[in-house]
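Both complexes below contain subunit A, partnered by subunit B and then by subunit C.
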Partner chain A sequence: MGDGKVAEATILLDAVTKRFGDYVAVEQADFAIARGEFFSMLGPSGCGKTTTLRMIAGFETPTSGRILLEGRDVSDTPPYKRDVNTVFQNYALFPHMSIFDNVAFGLRTAKVPADQVRTRVMDMLDVVRLPDMADRRPNQLSGGQQQRIALARALVNHPAALLLDEPLGALDLKLRQVMQLELKRIQRDVGITFIFVTHDQEEALTMSDRIAVMTQGRVDQIGTPTEIYHTPATPFVAGFIGTANLLPVTVVSQTGDDVTVETRLGGQCTVSSAGTTYAPGSEVTLMVRPERLVPAGAPLHGTGSGASIRAIVTSMVFQGPVVRCQVRTEAGADLVAHLGPEDDPGSFPVGSEMEMTWSHDGAYLVPEPIAADEAGVTSMEDDQTAA
Partner chain B sequence: MAAATTDDTGLRRGRFAPYGLLSPGIIWLLLFFLVPVVMLVKASLSTKPSRFADPEFAWDFSNYTSALSEYSPEFLRSFLYAGTATVLAILVGYPLAYWIATCGGRWKNFLIGLVVVPFFTSYLIRTIAWTSILQDDGPVTALYRLLPWVGSDGRILATPLAVIGGLTYNFISFMILPIYVSLEKIDFRLTEAAADLGSTPWRAFRKVVLPLSMPGVFAGSLLVFIPAAGDYLNARYLGSPQTSMIGTVVQNKFLVQFDYPQAAALSLVLMVIITAMVLIYSRFLGTEGLAV
Partner chain C sequence: MVMAEGAAPPVVAEVRPSKGSTRPSRAGTGWGRRALTLVAIAAYIWLFLPILNIVVFTFNQPSGKYNLSWERFTLENWAEPFKDAQLTQAFWRSLVVAAVAVTVALAMGSLIAIALSRYRFTGNKLTEVFLVLPLTTPEIVLGASLYQLFLGRGVVLGQVTVVIAHIMFLVSFVAMTVKARVRGFDWTVEDAAMDLGARPMRVFWKVTFPLILPGILAAALLSFALSLDDYIVTDFTRGEFTTFPIQVNNAFRVSFPPQVNVLATLILVVTLILFTIGPLSQRRRGAST
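Then we have the complex of A and B:
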């Protein structure tokens, strides 16, 4: 990592590993978070995202590696000496204090003069749009309001970085969507680095400048929401962000930007290499997003002709803007296509045969293999419905 | 029509149900609190010409004036000893309760059980046991005499130190338990939040944990101070005539001298003063602390 990047970074994790006994919670986390960035750590529960956040906050000490805050090594600095503030999952507002005293807590700890405390607290209550709540107690506020106060209590200290630990988890869907936009607005207004931990991929996509997708203590990929959605680095990332149809394929040959791959049933198709060089014979994963998969003959979503695959329709579910069409290929993989009105879903009854096709740029090669039994559609939404 | 009648009785039953539930408590209070207090007031205003005569009700307020004029040293001593014992119980009991609540882990219930273990032995026996522990030729006193400001004839038994120590020892469980309960309820992620906002562990304790545990300290103080102020066993067995408390006097008046009017007046004065002190204390600590 170059020195210039280090200077730019608010936070730098240098090969950070955290073990609890034999359990590796975080393994070799190695990334930088730029000043003013909205950075999300996304992953299923137990992936190490919260542990990483707690190490940045100072509640946990790395087993090895260093954490740099504004260029200074803070790996062993206690939380009260770090210039970061946290919005806790359960808000952790002080129940015995008024809202004003809650928000003023950090400033008073830092011995800021009383008149300045008053103006800064009231200004911050304006920012979170709750100026009339100063005299209330936390238990007199709704969940969404407590959430805003927790945010105000942290932001009023002008920290180098604000850490948010699944702060929207306890809110209902509508309020969560409002707060997502609110958080983004506040982050733009105050210009502070936000580090946001969530298991909700939609939340991460909505708000983040960059996302680190984590699983089993490792960072699988760091990138912008677009990069992570369109060019996932691993099959896990592909399935975790949105819905993905994944097929195990073998590289046959590569000519310039075009990679020819072969499916398990012997069908071949050509996919863009996206700048990667593949050795013939290597096992990789072909990803097609449901919105890129269309019935043969229908207009392709994308450019260039791609490939097609024959399948039997197993279900057709109307979901409002799209019709979710599930098919089973001859190899036994379940694929999902999102059909729009132009695809005329009515003409494919369940049980009928259907040829699915995608454009040249509608597919993407994930440079890692998947097992044959993992082939087919994967998405967090399915997992959540099943759970 | 029949349905309407059933509804009506149901409604009536519902309306009287709360009183039904309350009545055992109310009857209990009437029989064992209000009636004795009325009898006590009546006795305190009576005269008793001789030791074995029956008291006669006479609106005699002299019992009160003499109670205050003759026994104010005992009153003062009672409140001083009970107050000191309460403070000592907080100083010893709070850290213990805090340690059990935060570091007890799966041993919590066992450790709290240990706090209650002394209750399995009679209060009287435990107090008398201390007389032999603290006796003048015992090892505790021998150690005590090594202190630079204590002479070779220094003693613990029959001193205020023994009485206050006995009071603290006998009532400290009543301090530990409510403090433990209030500490146990605190979400210790709040101390993380305080640390996150720049507070040292000590400041986080002062600003967050201590205020949130005040209801326990308040309840514990009442449970220690009130019985300690009226106690006579500790003063009697561990103290001397110079350390007698108001409880000692009342016990002596009632059971030895049979001077019921004077004893009743002393009891009532003690009750009124304690009530006043509790009210001032609760005002001082703030009722808001109790609401949390």
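Then we have the complex of A and C:
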């Protein structure tokens, strides 16, 4: 992201690498976060997102590269001298202090006068909607309330950026959804840059202005939720965000917006180029999202006719809003389609033959190849329900 | 809503657990329960009868020099607890030794406990072994080796050597006690404090220290009692310096005045007060350590 180093970026990571002995936790992280942005780092456990966050906070020092905070190199600055504050995964509230004292801690450390402390703490408690809790102890609060106090304690110091390390992980689903919207509201009201770490892609998509998708220490893609979802840069991103049907293909030719690709079995189809130029002969990955696959004859989800593929139905599961239809192609790849009632899923029992079609703009060419045995549907659905 | 004639509203049956279901019973039934109560009473008597005896005999007026059999009731002993000059001097000396030794041991032991449980460093395991040694070594061996150590260096035995000896084994107790309290401590709060702008010293005094304080207080009470009580190691390292237990034993050949009981009961009462204040104040502060 060489030219992306904006002068007014709040946080800049310049080729940051972090090694623990032989283990590379973060490799060449290089991006800028703009002022007032809600920026998420998303990826599975062990991808390096928390290590990166800790480096921004100052709890880890980069092995190489620099971290700039509002233009100043803070790579070696200890956490108590950086103008960022962290909301920890387990809240880390001070158990021996009242809620008021917890929230006031940063202000008092900065020697803010007592009357200002009082005003700012009570205002912040209003912002997180817990004005009556000032005299309580952390162990008297529920998980969701503790989390909001942790947020208040960090925000009250008006840092240049707020770092959040999977703050919603310990909450139940309903509360998590409520808190997602709350956090987004607070961020918009207060206007501070939020840097949010999560493994929950739905969460990241809901809340973020931009997302950095990470895996095994590398940043695979940085983009808006729409970009990440519709135009993933790598097969990993395609599969990690929602469900994706991936097929290895080779580019035959490109004429304007139409790219002709060929599958391993020799079948050809045309895909919308979405503005990119693909070199003939290059190996790429064809991605079709499950909501774009429809049985032949049903109305296409998208414009223009694209292609079709023959397959046998292996399962048909009612999931409420959609019917999850899994099929196996002649090449042995499993594909998943999300069918609505208008697609008449009932007429395709298990074992029957079906022709899956998608529109011209319903597929996307991911500019990286996958191995033959990775063809088919990749889904994080199972991982998410387990988490 | 119109109810059809003759139709009865549905009855919701109350679900009750049947007798003899899988709910845990309280310590058995019948004779087993009674036997347990008897054993418990016997145990309490076994534990407290000697102590009770000491307290009761503070009110005794012995006819001879030994306060060992009951003569008649008196409050005189409580009026003059410091009648025996030598005994009183030894008592104050015990208190001074305990105060100094406990203070030093608390400082050293707590820091050791924090270091051992927070950091992983070379010698971590070795230090833990060294800490356990004074607790597992027979006191006679400890005392004798200290005696040999001091004598070999030409150090005069007295109050200082006693204090040094006490510090030596008290550090172990303090470290183990504080370490047990500190285990499971969420050190992230220190990160949080640093993140909020606190430098390491402020982090220690405002966050770490208040959280380990209950452990330190528990260790303080324990080590105070251990120091006052110590006989064998003290005897080897004291030279001519006498502490309370030493004095009582030395004088026993000649007398056993009721002031011994009084002073001992004083210690007991103070300890009891401290032990009840501690948990009460914690509960009031609502701290969950």
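Here is the rule we use: the second predicted complex is superposed on the first by the 376 of 387 C-alpha atoms of A that agree within 3 Å, B and C clash if a C-alpha of one lies under 4 Å from a C-alpha of the other, contacts with A are read in each partner's own complex, and residues count from 1 in each chain.
Keep in mind that, in the parts below, contacts are C-beta pairs under 8 Å (C-beta built on N, C-alpha and C of every residue); 3 or more make two chains touch, one makes a residue touch a chain.
Remember, it's a predicted structure, so these values are computed and weren't measured experimentally.
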Clash or fit, subunit B versus subunit C on superposed subunit A: clash
Contacts of A:Q140 with subunit B and subunit C, given as first, second, both or neither: second
Which superposed partner A:N85 touches (first subunit B, second subunit C, both, neither): both
First, second, both or neither for A:G21, with subunit B first and subunit C second: neither
First (subunit B), second (subunit C), both or neither touched by A:G281: neither
Contacts of A:G320 with subunit B and subunit C, given as first, second, both or neither: neither
Partner chain(s) touched by A:F105 [first = subunit B, second = subunit C, both, neither]: both
A:G256 touches, of subunit B and subunit C: first, second, both or neither? neither
Residues on subunit A lying within both footprints (that of subunit B and that of subunit C): 57-59, 78-80, 84-86, 88, 90, 92-96, 105-106, 109-110, 153-154, 157
Sites on subunit A touched by subunit C in the complex: 57-59, 78-81, 84-86, 88, 90, 92-96, 105-106, 109-110, 137, 139-140, 153-154, 157
Residue ranges of subunit B in contact with subunit A within the complex: 187, 189-190, 192-200, 203, 207-208, 211-212, 288-289, 292
Residues on subunit C engaged by subunit A in the complex (per definition of touch): 186, 188-189, 191-199, 202, 206-207, 210-211, 285-289
Subunit A to subunit B touching residues, read off their complex: 57-59, 78-80, 84-86, 88, 90, 92-96, 105-106, 109-110, 153-154, 157
